[in-house]
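The structure under discussion is supplied below as structure tokens; questions concerning it will follow.
Think of it as A, B and C in the order they're written, each chain with its own count starting at 1.
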Amino acid sequence: MLRRTLLGGLPALMLSAALLPHTAMAQTAAPSVDAPVTISFYNYNLASAGLGGEATRKLIAEFMEANPNIIVEGVAVGSQDMASRLQADMAANRIPDVAQVVFDSLAFVADNLGAVALEDAIPADELAAHFEGMIPAGLNLGRLDDKTYALAYTFSTPVLFYNADLFVEAGLDPDNPPRNWQEVRDAAAAIAETTGAGGFNGSLAGGGAAGFDWALQGVLLSNGGGVLSDDRATLTFDDPATIEAVQMLRDLHEAGIYENMPSEVMIEQMNSGRMGMLLTTSAQQNTLIRAAEGQYDLRVAAMPGFGDRAAVPTNSGSGLVILSEDPVKQRAAFELMKFLTSERGYTIITSEIGYLPLRPSIVDDPAYLADWVEANPLVRPNLAQLERMQPWAAYPGQSYRQIARIFLDAVELAVFGGADVEQTLTAAQSQAQSLMPR
Amino acid sequence: MTSTFTPSAAPRLARRGIARLAPWLFLLPAALTFVVWVYWPLLDAFRLSFYEWNMLPRSEPRFVGMENYANIFELSKFSQALKNTVIYIVGLLPIAVLIPLAIAIYTQDLPERSRNIYRAIIFVPMIIAPVVAAAVWRWLLDPSYGLVNNWLGALGFEPVRFLFDADTAIWTIIFITGWKLIGFSTLILSAANANINPSLIEAARMDGASNWQIIRDIRLPLLSSTILFLTMITILLGAQWSFAYIVVLTQGGPLGSTTNIFHILWDFGFSSLSVGWSSAAAIILVLGFGALAFVLLRLVDRYSFHDN
Amino acid sequence: MTTDTLTAGRITGPARGALKFRLDRWFGHAVLIALAFLCLFPVYWMIVTSLRPANEILEGSLWPSNASLDNYRYALGAIPVRAMLINTTVISVAVTAIQLVTGLLAAFAFVRWRFAGDKIIYALMVLTWLVPLQVVMIPNYLLVAKLGLLASIIALILPHFASALAVMLLVQAMRSFPREVMEAARMDGASNWRLLWEIMVPNMRGTIASLAILVFISTWNEYFWPLLLSRTPENSVVQIGIQMFMTAEGTQWGPLMAASTMASLPILILYLVLQRQVVQSFLQSGLK
């Protein structure tokens, strides 16, 4: 399918002739949507009764107004169930068109569910034009084997929220938040001792992880460890640097400053001013700010690292993936994706839901986020660490969920359950490795 | 033999044929439903439990033999799940059987009107949806804001992290499950108790038997079939009853302390839609509990005592 | 029930028994009051919490000092409660009606005739009671999807077209139906169809009502199958709506309790009105 250009006549022919040898395979998406088409948009923000759902509905409505030929049918599925639901519907021959895929299942969705690589569907220059202005580290999140399967949509990185009032009460300097784990430990101990509040908690292990290992991976990467080898064939739970990082968390627990509690409980404690530090997704920001207002001084610091090394933040969240094979629907889906990942899209996502803008330019642009950032300076440390971000590694194969569960269970046991760290992680590695694809 | 009465009119061949078909026609809707929605999936599950497949038409199932079963049994949490299942059953039995029994017996002499009022009230948890029950108890037992901890605090105790402490979580789930059932068991046992022939009791009293002797020698034996029935369904369905609360409230944690056989199969199998895992999990569950049911039915039959 | 009477003054034998009777009674009341409190208070607390305004949600008082419907307003705005209630009602009514019909038909077959394999078929039907939903969830979902019913509430009704419980209870009830009446009707030339619907069913009202209540309540409270099928909040049931307020980011207690109350209210009202019958129906199913 040759792309029609506005140039008529010979120059166009010559241009096409020059281009022809370079396009090994034509892009599959239709050039435009000329007749009404309906696409299904599987989305997990729609499945919760809160800000996420409202903002998403708003975005969809705005998009449909600007694109009268495209009707977007939102399908609400919980984030934990997204990949399974996509799989089930595809198995039943009801192909979803575009989906908000949590990054941990990206490999599965790409290899098993036939996610469409953007390079295969959309002409290269259109892609390049759209990608301009996006942080390279962000674009990288959706790439597997040099192809872009997902456009980072709602995602964030771990940041250290802390209660400045508790810091002061414990004799610490709130303007100098902890920058590495040793400092976190010292600060948490001081807070726990003098104020009786919780010292530290985070979306890392046990209940706080809420079933996803993204933030934990960041801690491991910060120590030079990780979960997956570069060739994505071997699990590295038993890597010495990984074990060391988990041991560090275990030490925090043994010092009495890091307790096992579900995600919503640790946030509740933070909101009631009874938690010193909380390492969690920056998407939590709006809720935390709202609760802290008039109650305590909430501040944000970058993710702590090990020793002198800068931390390696990983991303949480989701990317938008095209699953449809129909050319017109692919085009419609991409139009939706373009809107959702445009300056306007990220403005809503950041200011109303709390995720990160993949386009840093809008942060200082008065037409978009400048005023909001002015009023909510807490987002800045997050933006600053975006460049160091590395992707949340997705386990390959059909048993990826079981692998992730085995890993998280092992870490919970090692950190909070008193089990020997090395033994537990090694056992987990060998059991999970047998579940990797051959 | 298809009918107990032959029509008096001269049967035509077609009518005879239809008459023979009649029972099957009446059975058809229900039978069809069970075959389509229960037995066919079960058989399919058995077949698929030996494969790995992502269910998509484009890909072929890959035969893996017993690997799916091995993967499940090798889960480090599997033995914990089994152990917890026993704890759930042992923990539920007092709440589902013993306490209701005691209550039924010790409250039998109350006047009818107050009995009916009590009945009406203690039955309410039974009709509340499990999700609602989970939400309400989660609220009551919240470590920071829940009423129970507020009261404990007022009495001078430290707040208890009911659902979030590995030592208390399973007992909390057992409590919630039992809360939902206790009215039901109490009423069943009360009804069965009331059905005991009063003349038997009178006769025993006249012979000078003490209350305890009456209970031990007359009531308990005559209630035995009900007691055994309740015990049996607690053993067979206890893990299932607590399932909703585990999923909504603790997801098996903390530290796997609240998972049970049902939940772990859900967690690693059913909820993930990985066909191999789910099917193997389904077969394990059905065979395991099927065997258990068989054994229990035999025992119940043997030890039931009937009034004669 | 013993009929000892208390005669003041006498302290031996019967009087001691009578005294114990009084104590037993007092003890019985105490136990039942405690149990009743335990059973009812959480429901009461749910309603009370739902009536508290947002900033007083953490109050421990037994009745809200400033009762308000804020939480209800919020919940109604956040989730489409009306649509969900309608869906839940439609589904519950439909499942109840259909299960009664298929159950009656099947039970009639077992009771009216003896035929080859009837015992085995009955056993197989009853055994389905032991098969939990989760085991057949995925194949059922795929079947529903293949039938193109994913977005419709028919999918929530279809797998429940028959139930082991209905068949079991109705067989029990029919077996105790007086055979003379059946035989008389047959002698009069009544067809099987008429026998079932015009003679037996009207006389089984008690069991049918009990079963209807049982099925209605259990369908209303169903959670996992609707969860699997829910695609849009407008098309799902109230139990799913409640769960939308419990997220990993925090729970909105007020709206959660309001949603829970709204989801439970129809059943509670049904209970208040038909209380005796509801209790009876659960008991009957248990005693069998």
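As a convention for this text, contacts are C-beta pairs under 8 Å (C-beta built on N, C-alpha and C of every residue); 3 or more make two chains touch, one makes a residue touch a chain.
Computed from a prediction, not measured in an experiment: that's the story for all the values here.
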Set of chains whose contacts include both chain C and chain B: A
Comparison of A-C and A-B (more C-beta pairs in contact): A-B
Centre-to-centre distance between chain C and chain B (centres being mean Cα positions), rounded to whole Å: 15
Separation of mean Cα positions, chain B and chain A [Å, integer]: 40
Interchain centroid distance [CA atoms averaged], chain A/chain C, Å: 42
Per-residue overlap in chain C, given as positions that touch at least 2 other chains: 138, 142, 246, 251
Shared interface positions of chain A, touching two or more other chains: 88, 91, 93, 262, 268
Chain B: positions in contact with at least two other chains: 55, 145, 273
Footprint of chain A on chain C - complex, ascending: 75, 78-79, 138, 141-142, 144-146, 150, 230-233, 241, 244-252, 255
Residues of chain A that touch chain B when the two form their complex: 81, 84, 87-88, 90-91, 93, 112-114, 206-207, 211, 260-262, 265, 268-269, 272, 274, 398-399, 401-402, 405-406, 409-410, 412-413, 416-417, 427-428, 431, 434-435
Residue ranges of chain C in contact with chain B within the complex: 1-2, 20-21, 24-25, 27-29, 31-33, 35-36, 38-40, 42-43, 45-46, 49, 57-58, 60, 101-103, 105-106, 108-110, 112-115, 118, 121, 124-125, 127-128, 130-132, 134-140, 142-143, 158-159, 161-162, 164, 167, 183, 186-187, 189, 192, 217, 220-221, 223-224, 239, 242-243, 246, 251, 253, 256-257, 260, 263-264, 267-268, 271, 275-276, 278-279, 282-283, 286-287
Residue numbers on chain A that touch chain C, as the complex places them: 46-50, 53, 74-77, 88-89, 91-94, 210, 262-264, 267-268, 271, 284, 287
Touching residues on chain B, where the partner in the complex is chain A: 52, 54-59, 71, 74-77, 142-145, 161, 164, 166, 250-251, 253-256, 267-268, 271-274, 276-277
